[in-house]
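Both of the next two complexes hold chain A, though its partner changes from chain B to chain C.
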Partner chain A sequence: MTTTSALFLDHENLVPLLEELAKTLEVVAPVYAEGEPVFATWKGEALALDADNPLNSPVEFFLPQKEVLFKYVQYSGRYTFQEEPPKSRLILGMRPCDLQAIKVLDEIFGTELPDHPYASKRMSTIIVVLNCTSPGEGCFCASMGSGPVVEEGFDLLLTDVGPGYLVESGSPAGMFILRAQSHHFEEALPEHLKEKERLLDLAEEEITKRRPALTPEQIREAIDETDWEEVERRCLRCGGCSLICPVCHCFSVMDRGVPDGERLRCRDSCVLSGFSRMTSGANPRASLGERLRHWYLDKFVYIPEKTGMLGCVGCGRCSRVCLSEIDRWSILREAIE
Partner chain B sequence: MMHKDLKAEKSERRRLQASRSASNRLSRYVPLQAEVIDIDVESSNTYLISLRPLDEEDETVRLEYCPGQFLMVSVFGLGECPISIASTPTRDPLQICVREAGKITQGIMASRVGDVMGIRGPFGNGFPVEKMKGRNVVITGGGSGFATLRSLINYIADNREKFQDVTVAYGARTPHDLYFTSEYGSWQAAGIEVGITVDMMDASWKGNVGLVTSLLKDINPAPGTAALCGPPMMINAVAKDLVNRGFLEPDIYISLERHMKCGIGKCEHCTMGPYHVCTEGPIFSYDVVGDLL
Partner chain C sequence: MEKIHTTCVYCGCGCGLYLHVEDGQVVGASPSPAHPVARGRLCLKGWLAHDFVYHPDRLKAPLIRRGERMVRASWEETLSLTAKRLKEIKEESGADALAILTSAKGTNEENYLLMKLARAALGTNNVDHVARLCHAPSVAGLGISLGSGAMTNPIRSLLRADAILVTGSNTTEQHPLVAATILEGQSRGAILIVADPRKTQIADLADIHLEPRLGSDVAWTNGILNLIIERDLADEDFIKERTEGFSALQESLSKYTPEVVERISGISPEDLERAAIAFGEAPRAAVVYAMGTTQHSNGTDNVLALANLILATGNVGREGTGINPLRGHQNVQGACDMGALPSVYSGYQKVEDPLAREKMERAWGTDLPSGPGLTAVEMMEAAEEGLIKGIYISGENPMMSYPDREQVKRALESLEFLAVADIFPTETTALADVVFPVASFAEKDGTFTSTERRVQRVRRAASPPGEARSEWRVAKDLMKRLGMDAGYSSPEEVMAEIAMVTPSYGGISYQRLGISGLHWPCPDTSHPGTEILHREFFPIGRARFFPVEHQDLEEDPEYPFLLTTGRSLFHFHTGTMTRRVHLLDRELPRPKVDINPEDAEALGVRRGQKVVVESREHRLEIEIEVTEQVPKGTIFIPFHFQEAPANLLTVHNLDPKSKIPDFKRTHVRIRRSDS
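== the complex of A and B ==
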């Protein structure tokens, strides 16, 4: 290993560091809600960094379930519009799979015709990724090429190497934090780096063993082979799989308030029957089976065509929240077996 | 003298910069306001509304658009929906044709002259008019889809010498559902052949009765390019008919209608297979969308 800017953060020093950062930034971190890890604004409570990847994805802080696009105020027949500036934020403990989801969303929301509400939040957020050394039950990031190893896209990267975290910087913003808060850090030792490699190799082996990778051709074949009417019968049409997915970004727009009020955007799901239905009543994807098929096609065919990246990062949340316990990955696997 | 010009130029530049930074400040989701300056009743449930887009100082803004594009029109408190532009960029004012369908269109139609509504856009690709120039053009539509075709027809009428034979074949349910009846004469005067048909006639009707495809049989247009908009069944039938007449699939342009929320390819409501109808459409050639219709 040549000279590296890697540092070491003792477990003891994490909370004091966060407390200092929280003076100027909103710190978002995994905490417990009724025993379940969730991403939320950190207010000094116990951190859930050792638990599985939180139930909700950190993408909610870029594309919230509900947000105000702008406020409209009427005065003598004319309107003025106000947008709220984004908060300065730091997200701690984002996993490599969710970081990959943000890379996909950056491509969709940030390049052609940028989506200002997303882009402005993205610009004002510092991302601290936590390497996944003990993958969860339903995870399949390795099969989707989105983890567990991450090389870029973060501001800071933490790896739990036993007595503390190995900390690597991936951006000027990350470097700035390391310098400004240098009193919390020590020089990393070569064995910390070696331990990181060892843990990630183990994790990758573990995930791949449980859920081997599928090639794009196999996935395409699986989508064609799947009996969507069968899946339709099992699906309870709640849309939870889309609302919880870090890559799904369907939304609806609605107004609240007359004559003054706000225009809101809320996450939506292409699985729901009203999603593509027009006011005339005509619906281009009338059956649930077609809509479920579209959900897969978008993730595994259309998004890759547009962004060069898969629309699934293997976080497994869709299967975790499914009321009917439909395992999204197993559907594909079983279809080609 | 020169000094004065420089000064004027400087203040103009400052004004432009100010308006640009103002537009940078607000996102694409924040609409412009447009004042209703005229309302024409096209049918019992359809109005043609003329608009004057406004800037922050209440001055008129000229919207650059081409035939076939659409606007996201909003009534604050009710919401926003996609509406085709019915006017041609070659004439003022900007017009939208709105048929009563849901609460937002009802809200738009409840506006009076002097009221403002929100507009965003123009969005979508529009008809490829440059590819249509120098060729025969058949414009075929049914129902409310005729609004977007009217933009193209008037555009062609204003640039008539740039096109070969131009034919319009338009069908509506009843004579009362026909739009823009006062303009057919001006189209004919511009050298455009106009065929009209209705599904159901009444005592006052002396014209054709039947489907648009039967109208095409009478007109027998020579192959060239075609612009279509209407119910999917009609579009399919007409497109097949035109292919049988020797039209090439890539020359048949179809304007599609979809549920939309953003207009900029993000919300995913309008997706059709791999395409976003709002940004990659709403005009597609038949070879691209024939299988997806």
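== the complex of A and C ==
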């Protein structure tokens, strides 16, 4: 679904709009927790829409760190299973890079035999994207083709054009909100649209100037050229890169509790040795260097083969959290230079 | 979903993190970008900090022993029974037949209340905690040489160093965020010197790796300082203006020539000289050390040798310098600060000092005992001898973490009454008469003090499971039942009392802590806190040099291997929490002994096979890992695993100055296992 005609939302009308939406939906938005922006349930506090994209991606609302798939209860020797219905949510302020991550995940979890826990959350969530007009320091979405301009995949798209937001809808759900809440909106003016274009051009310029684009071919070459043993020597094994990545989706499943309990799906990481180690003790990716190389190959070769999209959205989070100051982008660049 | 900013529960780095809370349950964790140490990063344990919180093993109800069985009981019954038994023992055998072991995992408020419970309600100074087994030599050594046993500088200060000497610290695994800062410092130009017999990751990344034999730290440290003085690299102005006792030190050092040092430590004269020049020539040089320095029968001497080194080079009181003992638990600094030690009240006010005692007596409205109490390991000895009859243990597992496990077992079994508070059943709760189920870090309010003296908030993110309660409430309820006035309604109120009676915490209040906390000393409410100690003067006036000598250690031809113990990156301490985090447990599911390839070949064993490791008293069977990380003749066993508890083998070889046991050097022999 592509963008339809645009509306304008005065900055002052945003909170009243959210208040009305919060009557029927859980509104998730960037808010300040002890001064830092985080995605959390909005309860009327100040919004952190002007701050940098929060470190933890809102993808966690679709793929939680830990989720209960179902509860099992034993009764007279028989098991019954209880599932919680997904919450109806609206996520406000998701950035284009994270939306791109969801598009990749939709391909992985949502097609053919859809993954039910993912798909049900996806279907009960309205996504309101905020265009990135002031990209963060480590961002390189423009180089990965995942931002700062977004054209589809959202329910609503906001662009801060100064006095308020330019609002575009990208789905029937988005359109429905615009209609039902029409009293908060005005018609957008041509200069609003022009301003949006100007701001996004600026943002794109800034990102590509800072981090010029690499082609997938160059990246593949860089993966071959990188000295992975040296990366292994420096890596402090925190796993942060894979745990923070909005596209990473490895998980493990376990049952907690006997005889009654819960089946859990927990975030996992292919960077950990236990992930690929087999019961016999043999490990096809025995060294950390091999596992990190695999991690890159997954992002730049395997996921693209599977989904037609890159497995890296250029959000820069892996570099932000890296304990060893291993900057993904510099590694790739250095390797081919 | 809510995100609650709090402080990590594992090591002394004290990283800020968010706990993610959904429908009243903690469901995730993520790093805090604004926190000055974490800066948006965490180690793997930190990323998974929330994971053990709802493990089905959590203790959810108070338990009382009925014969061989532990039976569920009410809080009222359990608290009353505990108070009654403690009172009875006190009446029959005197207050010093009782003891409390507080927890470095507890908050400052909990440690303070348990310390007060011991001293004011029970009337004994027998209160100690796990610091006895980690940094007692730092408190003793740095206390007499500098006047304070804590890190002199904040972690961030290492970014400004020109040379960093890391010794006895497997920093990348035990204090990953400190390691990251050290390596960042190195990439900004600092020369990194690592002294460790094991080839750890930080040793591998070092510019200079010294590989001393176990037990030779005094010799090589003296050797480095001797070379520095010989080359006129000592800071004479600093020595003259701010220290005393240098000439005696200089005399004692002269015999530590590079050749002598090589004979003792195995470090070549060239390497020693490179290290001495790098450290001596650096405008700002810092020392970082941990258990590899302190856990020896001469641990205090090792610390004093390092203190001599930084004092003689004038590396104190400035950014990028200092002597920095890394503390292992997230609140072991705080537990010491709170006076959970047999000889001091909070803020290191000595129990033997009549003025300090009078002050505390006035504040608490009761008489207090005057002589210092027993240390942790001495308590176990006294228990075995029948002198100590009742112990309250808070969140600590001596059965796994203390030396000579069999002796600890005999000691705890011979008690008339043992109460243990913990979040999980442990080898120690199994011996208890009463078990209190308490709240984990995610379920309580309070403060932790990190290794860099940073007092930080811990915030309650969810309710404890079942009937579990915060331990400050347990301490308060016991105080009341023992006849004390203890009307605290929140940890914040406890902190107000701490600030009132503890000069170094005088200006600390919850309102002021925010994300970054405050470094003590912070004497009053307008004081910004003290990041760097000893800028202008030392608390003892002038710093003192203490000459220390190498002592030849006995060899034991029948037990030719040296066993050294420690932790791994993926587990913490006795594994009570990390072994219940499935990703961590999966990384290192079984105990293994590290052994050098040459030794493995001589023994005829291959990776994955089992060996029997024997000390004079005990033996255990364990799988081997063949690795160049350990030198020939030395083996390494982490102490996390009850399946092969390393401390079955370690012995009661105490440092006379600090009473720390020698965990790092035990004579053993190895043979192939028949099974």
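As a convention for this text, the second predicted complex is superposed on the first by the 333 of 337 C-alpha atoms of A that agree within 3 Å, B and C clash if a C-alpha of one lies under 4 Å from a C-alpha of the other, contacts with A are read in each partner's own complex, and residues count from 1 in each chain.
Criterion: a residue touches a chain if its C-beta (ideal position, glycine included) is under 8 Å from a C-beta of that chain, and two chains touch if they have at least 3 such contacts.
Note that the structure is predicted; figures quoted are calculated from it, not measured.
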Joint occupancy of chain A by chain B and chain C, clash or fit: fit
Contacts of A:L55 with chain B and chain C, given as first, second, both or neither: second
Which superposed partner A:R237 touches (first chain B, second chain C, both, neither): second
First (chain B), second (chain C), both or neither touched by A:S252: both
Which of chain B and chain C A:S5 touches, first, second, both or neither: neither
Contacts of A:E34 with chain B and chain C, given as first, second, both or neither: second
Which of chain B and chain C A:G261 touches, first, second, both or neither: both
Partner chain in contact with A:S287 - chain B first, chain C second, else both or neither: neither
First (chain B), second (chain C), both or neither touched by A:S182: neither
Shortest span in Å between Cα atoms of chain B and of chain C, once chain A is used as the common reference: 10
Set of chain A residues, in rising order, touched by both chain B and chain C: 252, 254, 257-258, 261, 268, 275, 277
Residue ranges of chain B in contact with chain A within the complex: 25-31, 33, 54, 58, 74, 76-81, 101-102, 105, 114-116, 118, 232, 257-259, 261-262, 264-274, 279
Contact footprint of chain A on chain C as seen in their complex: 1-5, 18, 20, 22, 27-34, 40-44, 46-47, 50-51, 54-56, 172, 176-177, 179-180, 183-184, 187, 201, 204-205, 514-515, 569, 582-583, 586-587, 589, 608
Residue ranges of chain A touching chain B (in the complex, touch as defined): 69-70, 72, 74, 77-79, 81, 83, 108-109, 112-117, 120, 249-255, 257-259, 261, 263, 265, 268, 270, 275-280, 282, 284, 294, 297-298, 301-302, 305-306
Complex contacts: residues of chain A adjacent to chain C: 28, 33-36, 38-41, 55-56, 60-61, 64-67, 233-234, 236-240, 243-244, 252, 254, 256-258, 261, 266, 268-269, 272-275, 277, 281, 320-325
